[in-house]
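Each of the two complexes below includes subunit A, the first together with subunit B, the second together with subunit C.
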Partner chain A sequence: MNAITNILKEFPRYLWSGWGAIASLFLFLAVWDLGNQINGSLTLPSPKETFIALWQLMQTAQLWQDVQITVERALWGFLISLVLGTFLGMLAGNFVTASMMSRPIITLIMGVPPIAWIVLALIWFGMSDESVIFTVVIAAFPIVFVGALQGARTLEGDLNDMANSFQTPLWMKLTDVYFPHMFSYVFPAWISALGMSWKVVVMAELLSTPDGIGASLAVARSHFDSAAAMALVVIMVIILLLIEYLLLEPIKREVEQWRS
Partner chain B sequence: MAKLATTENNTPFLQASQLFHRFGPTEILENINFTLEAGKVISIVGPSGGGKTTLLHLCGDLLDVTDGKVINRFESQAFAFQDARLLPWLTALENIAFSLKAKGVAKNHRRKLAAKMAYRLGLVKEDLDKFPKDLSGGMRQRVAFARALVLEPELLFLDEPFSALDIGLKRELQSLLIEWVTNKNLSIFFITHDLAEAVQLSDEILVLDADPGRIVKRVKIEKCQSERDGEFIHQQIRMLLDDPLIIETFELNFNNRQQEAS
Partner chain C sequence: MPGTQRLNSEKQIENEAFYSVYPVEKAEGYPVVFSYGFRPFFLLAPAYLVLSIVLWSLFWTGMLPISFFSNPLQWHLYEMLFGVTSAMMIGFILTAVPELYEGEEPIVGRTLVGLVALWLIGRISFWTMDWLGVWLVALTNIPLLLWVVVLVAKPILADPLRRQMSLAALFLVINAIQTWFFAAKLNLVTTDPMAVLKVSVGAFMVLVLLSVRRVNTEAVNRWLDQQKIDAVYLARAPRYNLAVFSVTVFTVVEFFYPQNTTLGWLALAAMAAILNTLNDFFIDEDPIFIRPFIWPLFMLLVLMATGYGLIGWDYLQTEVYQLNNFRHILTMGALGMAYYMVLIIVAHLHTGRSFTRNRWIGIGALLLLAGTLIRALGSMFVPELSMTVIGLSTLLWTLPYIGFLVIFGKWLTQPREDGLPG
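Showing the complex of A and B:
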């Protein structure tokens, strides 16, 4: 497909454009090191100590297992939110009553802090994958739902009138007007939902499972192993950055070139 | 399509009779009557907010007629809207070709036709691959205009299609329209706030005053469009502006625009 070859073609240039970001990361490392010199290694291990701990962690099979488990949970939660949120949001958006009724419910769900949902999930599902995935879905679903709802609510407008004025057949309205319109609302929501999934999954694991990165973080905390804790944080950030900048951002650039 | 030979019923026309319209409690249009025949141009001039766009929507079947009657016997029609209404995710070329695609014209053919029309309207090759966000207001208007013209419809609905264009381009597009009216028997329902433009193009000018929108004056111009020179247009405008009714309508218009601008 044209879009995919375009993404690949643009990729080297896109990487070059990342130098500014890298420079600011190094600045961040410098500040971090300063923080270490002021506060000492127990409170804030230096970048060097952290990366040594990280290196050691990366030699263990345990870490990769944890990463895999956490990624799987996050992806499951995200996928469920994506499918449910997109479908239900679009459905609700087509009915005035449904969209009016769903708003306060969504506000309510989003208003309850994720930490409270974790406690409820623990009561309902126990220490299990389900608890984590449930919490992820609860956090990510509303974002997708609202995006899809707004997209569907705004389908009927000037552009729809324009399409009707040319007696555009339904299939073409779907492919050329409705789908791109929906996508322009839903895609950014998917991206935020993915970010949200990743943050919430670790928090949920920390409290409700014996495995995964979140659980390792809990272990590091109980051992006062601040270097290991920092190393885990670094891993989480790296994974998020990889997803964000190697996967989502290039796709976003390609599919949303038309956006100002 | 093969047409049956010459009974009167077969010449297409657009006719509004005793047309009223209200949005909620506000009366927008009051007792509008006119007939647009094949190969003719009717212009609607008047203050903004006077209901011109609403009238166009009623005549073009984009808005349901609730009171009165609109008969449209044209076989094909196309619109250029006041705001260009381009699809932001399509390039200029794809936007122009959109109307052809809706008619089922094959991809290569419609791209060719669309490009040809774009060039005729003064767009250049580099513009065609741009998205609407990267086009100027005037270019967007031309794309919207091309999207309608490329269909070669029998009836064109134009809602202030030249408002964002500079004078040279405006002239060019006007002569294109005149050519089509003369040679292809095109009919145009034309909304404008530019009296010179109305005089240049129309067989009949309807002055629509606001609150509620009603036709306060009808001016017929007999002279063939292609023979109207600068002098003739000036003279006609002077004649129109001698009418206190028109002055009033346009002063109102002018004041409104100034308020909007500030």
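Showing the complex of A and C:
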């Protein structure tokens, strides 16, 4: 509870600290605008054209439906990888044999490009939600698994011994010894996995479903509507940034305070 | 060293004098006003600022014909930017260098009289440029800042950390822009003199950023000490560097590609980078940014950010064209507030005083803010009242400086309150 009030109390100041990042993004928009002036609007629509297209898209119900479908797919895939990856990774991290066994398999899964997984998923599940979610899971799961495994492997025995010698209750051991350490490994892995889910979901939708942002992107491509395509890309980036910087980063800051 | 007074160690530790040695002999026989660099210049700058802007407003509203100058707009811009700011810059750097470098003597007495005389000659010559000719005016204006840089260069160059190098380099850049302006007037280069003046606004914004970083560090921490708030204010260099970078890129691109849409994004980047510097003010212990003395320093950066934000918006859309008015938020607002706060802070600390609870300081800052906003936004909302807008904004904007001269001006002509020399 205390952590939540702290997060809320720090939130306005945290938001304001984002101006530096926004300055860099505006500089990026200036370079993008320059790219438009060199290449023309058909190849690269200007940021202004893109934002106008985005505004027009936002007036349509279709966009919000697509966003909802895509977010749901991505979140399902992400949540499944998060639960499975964290649990199995921690489990494997507790046993040397299990970690030795699991590593080559994870390397193998990560070695297969997501596009190949999409093709396999299409054969296995057809054009459906399952194909997309499966692809997201298979792409995000190894990232979470490796993070959790590393966290469990590097738990310091000395700290555990010290906690035991003070006869620390199990709950306190969990919250004060295991959790902060594990969190510092698992949380960055979750953030990477979320980014991966978001990228893969759009790719999977583009190839395997008739709805969602990925599918709209495919339509924009077939119409040669580069402004709409850029607008969709901008929407995806904005949603990811919002989730990462408004939700995950404040939690991370609060929980990782012990490090500084 | 004969003729110099070295302070006892206690005073040095408390850093109340803001210098370690003082050339008593060189100051002897001169009025108190020539006993430290800021004194004559911080009297002349606000007085000249008030005089110039009142004359300009009377001319602009048609109440006073200025017949002696063929290009009154250039006179207004040059004198408000280079005329006033050069006095502020000289007063500032001559006061900062002995404070920052131990063993560095303050510039006093004869040299100071010489600097003041050259500044005055520069002003008179510019007013009479149509009679004297551009060459002569250039020759009286350009050497002033060069002379100052030469006077303060030694410790800055000798510093192994090169801490004040950026400020000294910026003085030379501003001097180069000044030279460029005269070269443009003499048709030695093909640039439009007005475009050069626009470039100088960017350079002056960088100057404000570099100066307030130093002033804020000193003033805010001293205020925290005085209020017995156990906290440290840090003006973080990377934040200011990002702001300086964004403002510089905008200025350069605006010169080479005027009206390019990229400028909209670059101005917005400058706005965001300047808003980012405000993070320094958010400390856990106290909301210092709403406190007397501190809020105008905070507002100064808000004004600069607002100016760039509105300029960016102006470049990105096609319905409103108010660039010239929005630029006044940078000059009247940010630069004006910087003048005002530097005058107030230096007049307090460098005459051996603590910050006073004088109500005028806050009222003056509010008037300055009101004058700026009326000038920048008035003609957009009530275009039919543009003459009233100019008149009212001039009145509000000059009052703070008149107030400064009336209330604090006498401190600059009297000896330090703590009895120390300087």
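Throughout what follows, the second predicted complex is superposed on the first by the 249 of 260 C-alpha atoms of A that agree within 3 Å, B and C clash if a C-alpha of one lies under 4 Å from a C-alpha of the other, contacts with A are read in each partner's own complex, and residues count from 1 in each chain.
Here is the rule we use: a contact is a pair of C-beta atoms (placed from the backbone, for glycine too) under 8 Å apart; a residue touches a chain by one contact, two chains touch by 3 or more.
Since we're looking at a predicted model, the values are computed, not measured.
> Once the shared chain is lined up, is A:184 touching subunit B (first), subunit C (second), both, or neither of them?
first
> Of the two partner chains, subunit B (first) and subunit C (second), which one does A:169 touch, if any: first, second, both, or neither?
Only subunit B; A:169 stays clear of subunit C.
> Of the partners subunit B and subunit C, which touch A:238 in the superposed model: first, second, both, neither?
Touch status of A:238: no partner.
> Kindly classify A:158 by the partners it touches after superposition: subunit B alone (first), subunit C alone (second), both, or neither?
It touches subunit B, and subunit C stays clear.
> First (subunit B), second (subunit C), both or neither: which does A:8 touch?
neither
> Regarding the shared-chain residue A:115, is it in contact with subunit B (first), subunit C (second), both, or neither?
After superposition on chain A, A:115 lies in contact with neither partner.
> Show me the subunit A residues, by the header's touch rule, that subunit B contacts in one structure and subunit C contacts in the other.
none
> In the complex formed with subunit A, which residues of subunit B make contact?
So the residues of subunit B in touch with subunit A come to 60, 62, 78-79, 81, 83, 85, 87-90, 98-99, 101-103, 131-133, 147, 151.
> Mind listing the subunit C positions that touch subunit A in their complex?
On the subunit C side, the touching residues are 239, 242-243, 246, 249, 260-262, 264-266, 268-273, 275-276, 278-279, 282, 316.
> Give the list of subunit A residues in touch with subunit C in this complex.
Touching subunit C: residues 13, 16-17, 19-20, 22-27, 29-30, 33-34, 37, 46-48 of subunit A.
> If we count contacts the way the header does, which residues on subunit A are in touch with subunit B in the complex?
Within the complex, subunit A contacts subunit B at residues 158-159, 161-169, 172, 176-177, 180, 184, 257-260.
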